[in-house]
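Here chain A shows up in two complexes: once beside chain B, once beside chain C.
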Partner chain A sequence: MHNLLDDYAHHNALRDVSPRLKLFIGLASMLICVSSPYPAAPLFVALFLSLAAVLLARIPVRIYSRLLLLPLSFALLSAGVVALMQGEGRVLLQMQLLGIDLAVRQEGASLALLLLARTFGGMCSLYFIALSTPMIEIFATLKSLRIPYSVIELSMMIYRYIFVFLDQAARIHSAQVMRLGDAGAKSSLHSFAMLASVLFLRSWEQGERLVLAMDSRCYDGKLNIMEQAGKATSLQMLIVAVYLLLASTIAVLGRGAFLL
Partner chain B sequence: MHIMEGFLPHPWWEIWFALSLPVVAYGVHRINRMIKDNRETLPLLAVAGAFVFVLSSLKLPSVTGSCSHPTGTGMGSIIFGPWITSVLAVIVLVYQAVFLAHGGLTTLGANVFSMGIAGPMVGYLVYRAAMRSGLHLFLAVFLAATLADWATYLVTALQLALAFPAASGGAYASFEAFAAVFAITQVPLAAVEGAVTALMFKYIVELRSDVLVRMNVVSAKAVAVLKEAAA
Partner chain C sequence: MSAMTGIIETRNLSYSYGDGTLALRDVSICLEAGRKVALVGPNGAGKSTLMLMMNGILRPSSGEVLFAGQPLQYDAASLRKVRRAVGMVFQNSDDQLFAPTVYQDVAFGPTNLGYPAEKVKKYVGFALQYVGLSGYERRPPHHLSGGEKKRVAIAGILAMEPQVMILDEPTSNLDPASSEEIMEMLDELNQGGKTLIISTHDVDLAYRWADEVILMKDGDVIRRGSGPEVFMDGNLIRDARLKLPMVVDIYQELASRGIASEGKPPRNILELCDLLQPRGSVGDGSVGKIYICDADGSDEKQILAIMDKVGKGCFKGAMGTSAKLLAERCGIPLDFTYGVIDKCILKALIGKDALIMTSGGMVEHTMKRISDYGRESGAVIDAVRLQPL
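After this line comes the complex of A and B, so read on.
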């Protein structure tokens, strides 16, 4: 799935909206999610941004929902530990595992639910940025935020080579599988190590060639990028402002029905 | 072991950002100085960063059938040292958050601290200490990569425990619980990553030992000894 997100970033319907605005929506939503004391606001953020991704950016629903399922397993595992460790109050669920009493109590359960909601809202915010904004525009924005030049330069080159190496890794891997390199634990360990070291050496040599290529094109330590994206219209800014206002109001007031 | 977006509550995600920032800033300073001295290191650093990303997105083979991803930071810190590795880790972790949904942006500070600072620091110190005490290169690499992973898991468990102290027993009890979860799932995988990294070094010594000598990872003399032993 490696260039999936990136492909959509280049071909979605929100492609031409100002990258600053899109970054701002994503980051502000994340902050609202992480500071909301109740699950209502993160769920609202998740709903709004998912609708935006599917209806406005026209990301296919099937792909979007598969993306959301990806991080779920880790979230459930960690939230499970939190639910078991935390809190007082009514016991909701009790079981015995290897002679240890495990009990999920009210406080722990609502904290776990809150964490799941925050993670969910945060994931939607991340995906909103990733699916709607190509990296190159994020670099341009970072540049205007005065992030040190060497870091941006490094990020851009890393970004370029991630795709080159993923491709090579996939090719080496299928060559190994075809020769039964994945038969048994020992040979798969060896195959993996071989893949990793060949990849390292190839990337190193690629780097040496890159130095040569850039030197012969008069590279002086600065790659220039053009910021070509449009500016935000006042209607867009109004919509974003209303959305953020709503989300933060829900974050402050939103106890009610969502409390367990 | 990435902490997910939104998982760390209010004071903690800011605290880990604050702790990571000076280290990363110093790393940036080191990189700037390195580029000034020798401009051609930047593309090499870039391919190394991309390599760490790709390595950490590959699935590690494992005996139990479960899969996990190597962190690749032990490798980075042995070759580039901990400071520069921390900067590479920031970039790689942002890409992982955005492309693969591993980790997140508010938890970036915490993830950088565990995977980009604590792990590489331990790996680097272990590697240097092991080499000084005359251990075999491959054993030193194995120990460094394995212990770097363990340090990462311990710090992640600590971060989660501090943010979510248990009702009875406080942060220590929940540290035990989180560490126990990681111990079952991750400790064997750290050993696998250690073995893989050591094997990688074996291949690199065979094919391009000049890279390691140039980055000051091993001396030219040690390489000659290793090659003689292999022949």
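After this line comes the complex of A and C, so read on.
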């Protein structure tokens, strides 16, 4: 049950950097990505944050690229469709498929490129947060941002039990595979349905045991929240400021290079 | 029996589940403060049900539970009081550890008791240090081993300063070394004055560890007494779907062959050896020394100096978390990490010297245990308390 994103979040080299700063970088980068009208800024964000994840947080390149590959393949597919469906302008590529005329036009192509760049940049921002900041630090940050207490408390317990159920799901799955529950599409589907229903029942029981456990320890509506780890140094803040300034400048001015 | 100072007492306690099955029938027991009690019995004997009644999680169908002479009340305020005084460690640590980090989990009890933040921090620090997990504060429970999870669960209860600790199957799913370490920690807690109640299927464990064994079957208590009193009756044990502890089994076979004398069965390997080889017939009769070194208040340099002076050729053992951690920091290879006193006495009896590292109140306990052994068996072993150099 290892090599979850969570494990990297706990053991990466940026673990002790202020979680507020890391959250801020990630969220600000995402904002720049979605608001930039040209692909240059999202690509710059993707490059910068990928370098940060690999060089500063020391996430293995192989893992990082595999993580990106999955959402990227979806983005490529949808960008392809957008390129074919959209727009006016000069025809860049034309083909016939099953008797249907398909053409990639200028407007469609640049929109597809923008879409791809934004998704890519957004993914990198999200992974930067996920790989460098453990959930517990995020809870602490949420608390300092005055998010309602019950929301945080609930998310803390959900977070904790995700791993318990993940473990159980893995065990049920191996028990099924051991008895050939994955032979053929039909039995796979059936096994999956059983796994889901068993897991539901178990989580229900787990919930009841949780209440017992909390009652035994005098639960009175209070769950401690960890204190904030690490404060941002001025050097770190300077680097982040320079990066965000650069990214927004590119977002505003970065038209030239990507005009088709 | 009103003269006994019972900390937990049950009177004609019965409990039936919703479908009418009786889980407990008319159980009346009185547990004295400061003892180590083991509930043994087959699956479905009612051990867990009884335990859940002791801190008011389950409410009896009839009869009553008394804590320190007072019948349990089931309003919220009284329940809080009882649950603080009677801490419960569940069998499955994942049921108990629900917070996302070790710190938060141990802090749960003190926080809900309304302690101010500083006090919570102090208590958590103390509890984690006690179980040997200082520095694990920010770890999430899913990054811990089974033994570590159990320690965190115990720390979470310790932080509430209970008088009684109830542990449901504390050693199930743990590797042998972790189980021994947990049981040794419970011994240490008992030395510190806490009353301990465990449930277990492990007859060997119950036999050697408990002051009092309560044998249960089908919701009834069928025998109570010391380990030898309960476990000598083979028929009773077989009826309860248990088996004889290994030492008792060996002893009974030896006695029936006339090799060991009939009478009181041995509690452990040390007593079994004594039984087979009475004093005077071992080796050339010379007895080794046992050095006891207080790990509290000694730094690494002092310990290493002591090791240089007397440690050569000694068997070395460490008892308790802080002593073990100190030994690890000093790079001292340990021969014994559990059952340390008995092992060292066994070595002393064959003329070898031994050194025990331990801390605090356990030093006195160790000295007493060795001198008690000398008085009972006649083999006087020199226990030398080492002063820091």
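Criterion: the second predicted complex is superposed on the first by the 255 of 260 C-alpha atoms of A that agree within 3 Å, B and C clash if a C-alpha of one lies under 4 Å from a C-alpha of the other, contacts with A are read in each partner's own complex, and residues count from 1 in each chain.
The definition used in the following text is that contacts are C-beta pairs under 8 Å (C-beta built on N, C-alpha and C of every residue); 3 or more make two chains touch, one makes a residue touch a chain.
Only a predicted model underlies this, so the values are computations on that prediction, with no experimental measurement involved.
Engineer: Using the superposition on chain A, decide if chain B and chain C clash or fit.
Structural biologist: Superposition result for chain B and chain C: fit.
Engineer: Could you work out the angle between chain B and chain C as seen from chain A, using CA centres and rounding to the nearest 10 degrees?
Structural biologist: 90
Engineer: Can A:216 be said to touch chain B (first), chain C (second), both, or neither?
Structural biologist: Only chain C; A:216 stays clear of chain B.
Engineer: Does chain C touch more residues of chain A than chain B does, or is it the other way round?
Structural biologist: When the residues of chain A touched by each partner are counted, B comes out ahead.
Engineer: Pick one for A:8: touches chain B only (first), chain C only (second), both, or neither.
Structural biologist: So A:8 meets neither chain B nor chain C here.
Engineer: In the overlay, answer first, second, both or neither for which of chain B and chain C A:243 touches.
Structural biologist: neither
Engineer: Touching A:107 in the superposition: chain B (first), chain C (second), both, neither?
Structural biologist: In the superposition, A:107 touches chain B alone.
Engineer: Does the superposition put A:48 against chain B (first), chain C (second), both, or neither?
Structural biologist: Touch status of A:48: no partner.
Engineer: Have a look at where A:206 lands relative to chain B and chain C in the superposition and call it first, second, both or neither.
Structural biologist: both
Engineer: Under the stated touch criterion, which partner chain does A:128 make contact with: chain B (first), chain C (second), both, or neither?
Structural biologist: A:128 sits against neither chain B nor chain C.
Engineer: What is the contact status of A:224 with respect to chain B (first) and chain C (second): first, second, both, or neither?
Structural biologist: The answer is second: A:224 touches chain C but not chain B.
Engineer: Figure out whether A:139 sits in contact with chain B (first) or chain C (second), or with both, or with neither.
Structural biologist: Touch status of A:139: second partner only.
Engineer: Note down the smallest distance between any C-alpha of chain B and any C-alpha of chain C in the overlay, whole angstrom.
Structural biologist: Nearest C-alpha pair, chain B versus chain C: 10 Å apart.
Engineer: If I apply the document's touch criterion, which positions on chain A are contacted by chain B in one structure and by chain C in the other?
Structural biologist: 6, 135, 157, 159-161, 164, 206, 210, 214-215, 221
Engineer: Could you please specify the touching residues of chain C with respect to chain A in the complex?
Structural biologist: So the residues of chain C touching chain A come out as 52, 55, 57, 80, 83-84, 87-88, 90, 92, 94-101, 103-104, 107-109, 111-114, 120, 138-143, 156-157, 160.
Engineer: List the residues on chain B that touch chain A in their complex, please.
Structural biologist: 2-10, 13, 28, 31-32, 35, 39-40, 42-51, 53-55, 57-58, 60-63, 75, 87-88, 91-92, 94-95, 97-102, 104-106, 160, 164, 166-167, 173-174, 177-178, 181, 192, 195-196, 199-204, 207-208, 211
Engineer: Along chain A, where are the residues that touch chain C in the complex?
Structural biologist: Contacts found on chain A: 1, 6-7, 10, 134-136, 139, 156-157, 159-161, 163-164, 167, 206, 209-210, 212-226, 229.
Engineer: Which residues of chain A touch chain B in the complex?
Structural biologist: Chain A reaches chain B through residues 2, 5-6, 27, 30-31, 33-35, 42, 67, 70-71, 74-75, 77-78, 81-82, 84-88, 105, 107-108, 111, 115, 118-123, 125-127, 129-130, 135, 148, 150-151, 153-155, 157-162, 164-166, 169, 182, 185, 188-201, 203-204, 206-208, 210-211, 214-215, 221.
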